[in-house]
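To keep things clear, I will list the structure first and then write my remarks on it.
Here the chain labels run A, B and C in written order, and each chain numbers its own residues starting at 1.
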Amino acid sequence: MITIDNLNLYHQKTASNNTAKRKGATQVIFDLSLTINKGEKVAIIGPSGAGKSSLLHHLYQRLQTSAALCSQRQGLVDNLSIFHNIFMGALARHHWLFNLINLMRPFKQDLRNIGLLCQQLELDEPLAKSVDKLSGGQRQRVALARALYQQQDIFLGDEPFSALDPLMASRLLEIILARHKSVIMVVHDRALAMSAFDRVIALDKGRLVLDSKKQSINQQQISKLYQTDAVA
Amino acid sequence: MKILTTMITSLTLILSLLVSVNVIATHFTFTAIPDENESQLRTRFEKVALYLEKELGVKVKYLPVKSYSAAVTAFRNNQVQLAWFGGLSGVQARILVPGSQAIAQGYEDQFFKSYFIAHHSTGLTINENFPDINDKTFTFGSKGSTSGRLMPQYFIEQHLAKKPQQAFKRVGFSGDHSRTIAQVQAGAYQVGAVNYKVWQSALSAGKIDTNKVSVIWETPTYPDYQWTIHANVDAEFGKGFANKVQAALLNMNTPELLSSFPRSSFINAENKDFEPILTVAKKIGLID
Amino acid sequence: MALLQNTVYPLGYWQKVTLSIWFIAVVIIPFADIEIVNFDPLLELSLMAQGLIHADFFATEYLFQAIIQTLNFAIIGVSLGLLIGAPLALIYQHPLVSGCCAFLRAIHEIFWALLFLQVFGLSPITGILAIAIPFAGTFARVFHDIINQSSDSPLESIDSRADIISRYTYGKIAQVLPQLITYTRYRFECALRSSAVLGFIGMPTLGYYLETAFKQGNYSEGAALLIIFIALIGTIRYWCPPKLLGIYLVVACITLVEIPTLDSSLLVRFISQDIIPPALVNTLSFADVQWSLLYTWFSDIITLQAIPGAISTLTLALLALAASHFVTLNAHAIASKHLWPGPLVYLGQFILLIGRSVPEYILAFIFLILLGPSMLPAILALAIHNGSVIAYLTVQQSNAIAPPLMQISTLNKFNYHIMPSIYPNMMALLFYRFEIIVRETAVFGILGIMTLGFYIDSNFSEIRYSNALILIMCTALLNVAIDHISMRLLNSHKQSLTT
């Protein structure tokens, strides 16, 4: 599905564009090579500042037309309702005129679909409520719902459950895994990463330190990764 | 709140029906800016329109305008076919619309004049000779006015041999004769030029404190306001229409109508009566 | 020594900007035409006061029609301006578009109207276009700025295959829609003012009667008209909720005064004769042109009118800018709920309402009687009007800020929390207004201040449209230059913030 060879990424403070090397930029990914196949469910783990989000955004740029991204920044539009924020996932499927009319007056079909999706995501707020009135956990699920509503083959998630309790997180993860052929997700919860994904990739200081299939994951190796971080 | 907005909307709808939508038709339209008292302008001149309608046998409408230049523009665009112009605006209009004719003037307009007025602090008093107003602050009336601008400027240039901008410390345009009086009376400007009729009626209305402001010089006489008729009227309203309008104006003798202008009566006039105005306007550079 | 070095504390960006505004003002004051000539203002002022006390609401003929037409011009003008300006906002980053918009904005409504008067005559079209065209330029610029402030992150999560219109409306415009609506409503208020001011040159709006009443000293009538006008503006939010705007637009089109039939020959005449320099009017071919005549004509306009006009326009505008800054700070303070209890805040907001509703022309007029003719009345009139507008806009913003939960005095909270939060925005608004101040210097010919606007007005009244047009171009170019400089100032600040 995607292959990366010797990837180097730089982080520029002023612009979100972090691929080209510029003066004053700090390097966040070093010589990273990686191949992810169709159908794989990959978890990316690592201590904070390891370059996970940068890698994920790079993957998104490469996969854009076939992947849905649920980023940490959420990108919710505060003035719009839950419904419209989720509907944004479907913009590409409709004509712009349809989208404009829908902005003023939601169409029945989408209302039903999105209502159903919200139910699945345990988001029982009125669809017309604007998202600035929601709690952190609710907002995260709206962002998640929008990514799901894109109905893509590949799901890219950047800690999509960070504001949710672990039980709900694993229930939602099941839904995500069931609805996508491939999933690449930055996960904070190591236990979840190892129990629910077929493959785990670990990053540390911008370098790939571990890439193994579920069957051969070395528990110790992972613990060490987080420990060194704690010591450093 | 919802009820309130609904009420307001329906109210607006009803009211809007009351504001009649005028039907466009070929009216004979005239305009007039009197040299004093512009209040209730439409109410007053609609009576004149009624009189003309009766005399001429066509629909007559009055179009209110704000300034002489707007009147000239409306006349030039044939939006009005008859206009009560000041001396200067009449000349301008007749240049722009060749063939248009001055057909009547006010009795007083044969020998019109302006007053130079001064604040008492200047120490200037009434005199036969042109006053020494060098380096004073000076205000004209409106920029396009004959009695408030054109003739005063001409006499200033003649006597002081300088442009007003050079002769005076400051030159203002009050926009109106009543304003000129008020500003000189308040001492905002030291000297001003004003239409003599406006001064006289303000004086008799008790609006002037002669201890503060007084006339220091009066200009020689010159022709001023006149009725000018558009070149096209005979073609539009029938042969001899201009003559009919002229007769109607000369026969207007109801004091109520005449007081709108305000003039005691209208007498015959023709284009050449206003040649002095054209000469003066060319001399001071207002007309090329 | 090391201790001393640590106390070096450079000026902040906004401090520098503020000090520069005042520094420039202090430097040019000696060259500005400022004096107080005050002899007997009391008589006229007492007449004005009496007029205010005995306001006569029945002195004006056709008053109801005048109110309706004031509303109609404003509603249709804003709608048309929005229709043209909003799409331009999306391509405003193109220098050509922003230049053209600055050009449209640069010309005062009154001069647009005087130009259209030649083509459409005394017709509602003249008034509506005179509002719609400069407003389109303003909408384009401000909408562009507002949209630019919105975050890009929603766009990131939208499928890149979606079409640009859908992406833009959902990802960008939806974020800032409330600001766009608030701004449109504010522009509607501005349009009401413009609509009234167009009465000064003969449109059948409230200004028609207002100017006559003040001009002729009928202060009781003038006061009544001012009260009606202020009330109209002060109650906009009650009678014009955005939802009803559509209905009002239909009503406005129905109740508009009759439109005289258009005469295309007027347009032809305007283009082929009126705006042609006098030296070229009677020439048939290129060979006939008397170049020396044309040259003297042009250089006379530039040296005798355009350059002196531009100098006094800029002098007046820069002084008015500093004075507006002063008024803004004070006016904002008197209407801030962070400083005063409820009823006093209403009083403060009422003062702002009066300050921004009374046309500058009327203010200048009162100050002229009080202080005598010079730039001073104009500076005061501009400062009060623009200061009140900016204060009104910033008060809306600052009153929405939650006060800090700290046990410090009200004044300290105001100075340390509220002012720093709104000051950048206040200054940005002041720079926006600078352009408007330059435009509005046009109306002060009454004070004997020969601004560019004064010369334009003179040329219109002398029926020299070609001269007027040249000067209008000069004004517009001046404005484009100012716009360019202020954009660069603000942009350089944005860049210095991010690096």
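Going forward, contacts are C-beta pairs under 8 Å (C-beta built on N, C-alpha and C of every residue); 3 or more make two chains touch, one makes a residue touch a chain.
Everything numeric in this text was worked out from a predicted model, so none of it was measured.
> Return the chain whose centre of C-alpha atoms lies at maximal distance from the corresponding centre of chain B.
Of all chains, A has its centre farthest from that of chain B.
> Need the central chain here, defined by C-alpha centroid distance to the all-chain C-alpha centroid.
Central chain is C.
> Counting only Cα atoms for the centres, state how far chain A is from chain C in Å.
Each chain reduced to its C-alpha mean, chain A and chain C end up 48 Å apart.
> At what distance in angstrom does the C-alpha mean of chain C lie from that of chain B?
Chain B and chain C have C-alpha centres separated by 31 Å.
> CA centre of chain A versus CA centre of chain B: separation in Å?
The computed centroid separation for chain A versus chain B comes out at 77 Å.
> Which positions in chain A touch two or more other chains at once?
Nothing qualifies.
> Write out the stretch or stretches of chain C touching chain B in their complex.
Result: residues 37-41, 43-44, 59, 61-62, 64-65, 68, 117-118, 121-122, 199-202, 204, 208, 211-213, 215-218, 221, 238-239, 241, 243-244, 247-248, 251, 254-255, 257-261, 263, 266, 278, 368-369, 372-374, 445-448, 457-458, 460-463 of chain C touch chain B.
> Per the contact definition, I'd like the list of chain A residues that touch chain C in the complex.
On the chain A side, the touching residues are 13-14, 16, 64-65, 68-71, 73-80, 84, 87-89, 91-92, 94-96, 99-100, 103, 143, 146-147, 150, 152.
> Show which residues of chain C lie in contact with chain A when the two form their complex.
Of all residues in chain C, those touching chain A are 151-163, 165-167, 169-171, 174-178, 498-499.
> Which residues of chain B touch chain C once you look at their complex with the stated criterion?
Residue list for chain B touching chain C: 4-5, 8-9, 12-13, 15-16, 19, 21-24, 36-43, 63-70, 72-74, 77-79, 92, 96, 119, 121, 137, 139, 142-144, 170-176, 178-179, 182-183, 185-189, 207, 209, 212, 286-288.
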